[in-house]
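You will see chain A twice below: alongside chain B first, and alongside chain C after that.
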Partner chain A sequence: MIARTQRNLIPFALGLGTLIAAIAFMELLIRVGLVNRFIVPMPSQIAGAFERVIVEEDIPHRFLVTAREALWATTLLAVFGIGIGILLYRVKLLRDATETWVAAMASAPTVLMYPLFLVIFGRSEKTIIMMGFVAGLPAVILKTIEGLAGTRRVLVDVGRSLKLSEVQLFWKIYFPAAMPTIFVGMRLGMIFALINIVGVEFLINFGGLGQLINDLAERYDLPGTYAAICFVILVSVLFFFLTDRLEKWLRPAD
Partner chain B sequence: MTSATRPDQAPRASPSAPLLVADDIVKKFETPDGVMTAVDGMSFDVAAGEFLAVIGPSGCGKSTLFNIIGGLLGDYEGRVTVAGETVTGPHPSVGMVFQEESAFPWRTVTENVAFPLEIAGMPKAQRIERARHFIDLVGLHGFEKRYPAELSGGMRQRVAIARTLASEPKILLMDEPFGALDEQTRLLLGDKVLQIQDQLKQTCLLITHNITEAVQLADRVLVMSYRPGTLKRMVAIDLPRPRSSEIVSSDKFGHYVAQIWRDLREEASRGMRDDEEHMLGGHKT
Partner chain C sequence: MAETGRLTAPAAPLASPVTLVRVAIIAGVLVTWEAVAASGLLFRDVVPSLLVIARALTELLMDKSYYWHLGVTASEIGIAMLIGGLAGLAVGILLGSNRLLGRAYEAYLYYLGPTPKIIFFPVMIMWFGVGPGSKVAMGTISCFFPVALSAAAGMRQINPILISVGRSFRASTWQMVTKIYLPAMRHPIINGVRLGLGVAIIGTLLAETKLSNRGIGFLIINAYSTFNMPRMYALLIVLFVLSIGVNALVGKLGGVDSIKR
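== the complex of A and B ==
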């Protein structure tokens, strides 16, 4: 038991150690002048700025705003992304007609569509949420199709041999078999959504952490800017942790 | 004493009325090279409680036959009946165990085995109790809460067998269920299947390419010819029951294996030649 705990701690310790080493290395590069300190602040300065941005810039509120937007975008991705993926998998004609377009959309810089969304939804959270949703949608759709199409034939044959109806076959076999791939799609979708959410907050100077980063950058408060970016990473970590828990709850075997 | 019949000598087991009857089965497939006859004029029957093994070289149509009897493959000529009822699709009296690993990875052993009962609408407590019975039967007691990924290949196949048995089929149809396992595990699992068959008086039809497995388990062995798959010979296995894998060392066992191999060798050689010619033809083009 102790040996197992130690085994589990080693990768964590190695990861943390690497991060600390990288930060220390960056500090060294800046201190000796190999990296310009007016462009990249020292990690020690960033650490020193944490308290200031938390107290003065109301980080908890901004963090919650960005997290709420990300949560809405994720929920929309789960409902519409997985739903559309299922629909395209089930209706081959639709899939053949649209799959290439969906794949092309995945690599399109959808963030540039923000003026259009501003016109439709106004300078509001809705615009930010919809931009995040649109950015993550192709990944969730494509991975849902991939997961369903990759269901092993023999598992379907087991269902057919037991005379499962089409609906039973889908919910009892196809969907759980596809779940790991669907979750990969959800994670990718969340990454794209969060990038766009913070990006649009930055661009339209509205909302949570993105707006704060914009404000701090305009004030040329680089340590504060980087400290705020750390909170964006924290949102990402939080969502990854939550989806990981959800996946383990739904498919404890993996 | 061995007994063997030619296909034209009515390969009937029938100490009791046949439970499964395959009557003049013909199955053709459209291929890029034209129509290919996979199975041609296969007729045989299996009596209640009997164990029939179907053996043949690769590509002789064994799995096609498995899918036809299991109701997964339609559009064939001839007729398959189970207890007098024509099979037109998956039949509740036929339980299928597949060659590939088919335990659901997202379900525990108990949940896997209880799956057919869940589909049948049995209350949870009842189906779990029932599933435990079949888990014990295949010797997986203590592994009820494990997931397939935590089990060995042989154990996973036992989960698949227990799941099929849980639906209480009249006929257990198995397509090379131990094909991916090593020889020792295969022999030991053969023992397990024999014990189960003995306990449940289960009618079994085993598709295999392994002669030892066929002789170890079966009352009769149906030898198929290479493409198109036809009934080449039906060999009655007159070895005492209950059997175990220890029987493989007996002279009589060796005699049956040699006899079946003589038939099979000819067919397997034909298959190999055919494959080689096909590959050469492919290279020429």
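== the complex of A and C ==
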């Protein structure tokens, strides 16, 4: 037990130590003038700017705005993504005809449609939500199909032996069996949605956390800009970490 | 002797049901599009007629300056892939070959990978200016993470026997990389490059839409600014076809399914 803890502690300490050393080294380089402090602010200044940015720029409100957009996009993904996935699984001909199209959409740079969405929905939260939704949709559809198609034959046979109707078979057998894979799709979709939401907020200078970075950069508030970037990174890392843990809990066998 | 009838194969259908469904979907979308364009339900030009889009597409493809802008974007993405891809490959091989380093640093790559890279653009402008440098930098940081993570995972999947054989021949580090590691992890690397290329295209083009006077991203945002919707649709169509095509091509090079993930 102790040996195992030590085995985990050494890499953790090495990673964290390197990060702290890199930050301290950068502070030193800026202080001695080797790095221009008007281009890269000192890490101590960035740390000091955190409180100012949180209080003066009303980070909690901006966080809630971004969270609300992400929640709307997630709801749309759950309704339409899972719904279309189920439809394509049930209607095999439709699935054979369109599955490659959906997969191709997953590799298309859909976020570049944001000027088009700006024209359609205006410079509003709708544009941001729709961009998040479009970005995450293919992943949810494909994983829903994969999850339903991967239902174990024995479970379906048990359902049929109990004379379940098609609807019962779906809700009692197929859907619960596909849930872990559908969650993987939802997680991927939510990550793509969050990336696009913050990105489009930044690009169109509207909304929550993304707009804050743009605002601070335009004001040439460098420590504030870096602090806001660090905050967004922390939020997305935390989000990714929590959904990762949830996925591992749902799929312990993986 | 019994007379045997001549066996004739049933006439093959003109098109498979899947093809028919595809044609029906495409036809349905096009007819709906044209109906919406003609109905005037939306603001004028938000949904332009297909003929107008086709004309804009033809004009775009005949326009010499378009190819210059395409060249600018392609070179930015190419340089970004070269820098980010090679850096990602080197870091991935290092982390994948050393258990301690992998466990110490890979978590940072894993969790930083999915962050929205466009938020670094103000920093990149400060560091590299408003010219192509900042766009290349955006593409570089975008593609670095998928390539590094794929290379690290690929390193761990190499058959240990291959590594033992290389060591028994006393291969140098360079020989190990070029003769053992890279050929053995061709598929994960190509997969990483494919993912990296996708995000490098997005990173570079988004940066161009934000602040630039050249490149495809600039043309898209310029079409938006002048409300030239047919041109914007034409640009997006060409961009999507090119992106999906390049992605599929890179996938084919590695012998992996090009589009399905």
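Assume the second predicted complex is superposed on the first by the 181 of 254 C-alpha atoms of A that agree within 3 Å, B and C clash if a C-alpha of one lies under 4 Å from a C-alpha of the other, contacts with A are read in each partner's own complex, and residues count from 1 in each chain.
We adopt the following convention: a residue touches a chain if its C-beta (ideal position, glycine included) is under 8 Å from a C-beta of that chain, and two chains touch if they have at least 3 such contacts.
Remember, predicted model here, so these are calculated numbers, not experimental data.
Enquirer: With both structures placed on chain A, which of the two partners, chain B or chain C, ends up touching more residues of chain A?
Expert: Counting contacted residues of chain A, the larger count belongs to C.
Enquirer: In the superposed arrangement, which partner chain does A:I213 touch: chain B (first), chain C (second), both, or neither?
Expert: In the superposed model, A:I213 contacts chain C only, not chain B.
Enquirer: Give one of first, second, both or neither to describe whether A:Q168 is in contact with chain B, with chain C, with both, or with none.
Expert: After superposing on A, A:Q168 lies in contact with chain B but is clear of chain C.
Enquirer: Using the superposition on chain A described above, determine whether A:D157 touches chain B (first), chain C (second), both, or neither.
Expert: After superposing on A, A:D157 lies in contact with chain B but is clear of chain C.
Enquirer: Should A:A47 be classified as contacting the first partner (chain B), the second (chain C), both, or neither?
Expert: The answer is neither, since A:A47 touches no partner chain.
Enquirer: Check the residue A:C230 against both partner chains and state whether it touches chain B (first), chain C (second), both, or neither.
Expert: Neither: A:C230 stays clear of chain B and chain C.
Enquirer: Which partner chains sit in contact with A:P11 here, chain B, chain C, both or neither? Use first/second/both/neither.
Expert: It touches chain C, and chain B stays clear.
Enquirer: Should A:P176 be classified as contacting the first partner (chain B), the second (chain C), both, or neither?
Expert: first
Enquirer: Following superposition on chain A, which residues of chain A contact chain B and also contact chain C?
Expert: After superposing on chain A, no chain A residue contacts both chain B and chain C.
Enquirer: Which chain A residues qualify as touching chain C in the complex?
Expert: Within the complex, chain A touches chain C at residues 10-12, 14-15, 18-19, 39-40, 93-94, 96-98, 100, 103-104, 106-109, 111-116, 118-120, 142, 191, 194-196, 198-199, 202-203, 210, 213-214, 217, 222, 225-226, 229, 232-233, 236-237, 240-241.
Enquirer: In the complex of these two chains, what residues of chain C are touching chain A?
Expert: Result: residues 17-18, 21-22, 25, 42-43, 46, 100-101, 103-105, 107-108, 111-112, 114-116, 118-123, 125-127, 198, 201-202, 205-206, 209-210, 217, 220-221, 223-224, 227, 229, 232-233, 236, 239-240, 243-244, 247-248, 259-261 of chain C touch chain A.
Enquirer: In the complex formed with chain A, which residues of chain B make contact?
Expert: Contact set of chain B toward chain A: 70-72, 89-90, 92, 94-96, 98-102, 104-108, 115-116, 119, 147-149, 160, 163, 167.
Enquirer: Can you tell me which positions in chain A touch chain B when the two form their complex?
Expert: Touching chain B from chain A are residues 152, 154-155, 157-158, 160-164, 168, 172-173, 176-177, 179, 251-254.
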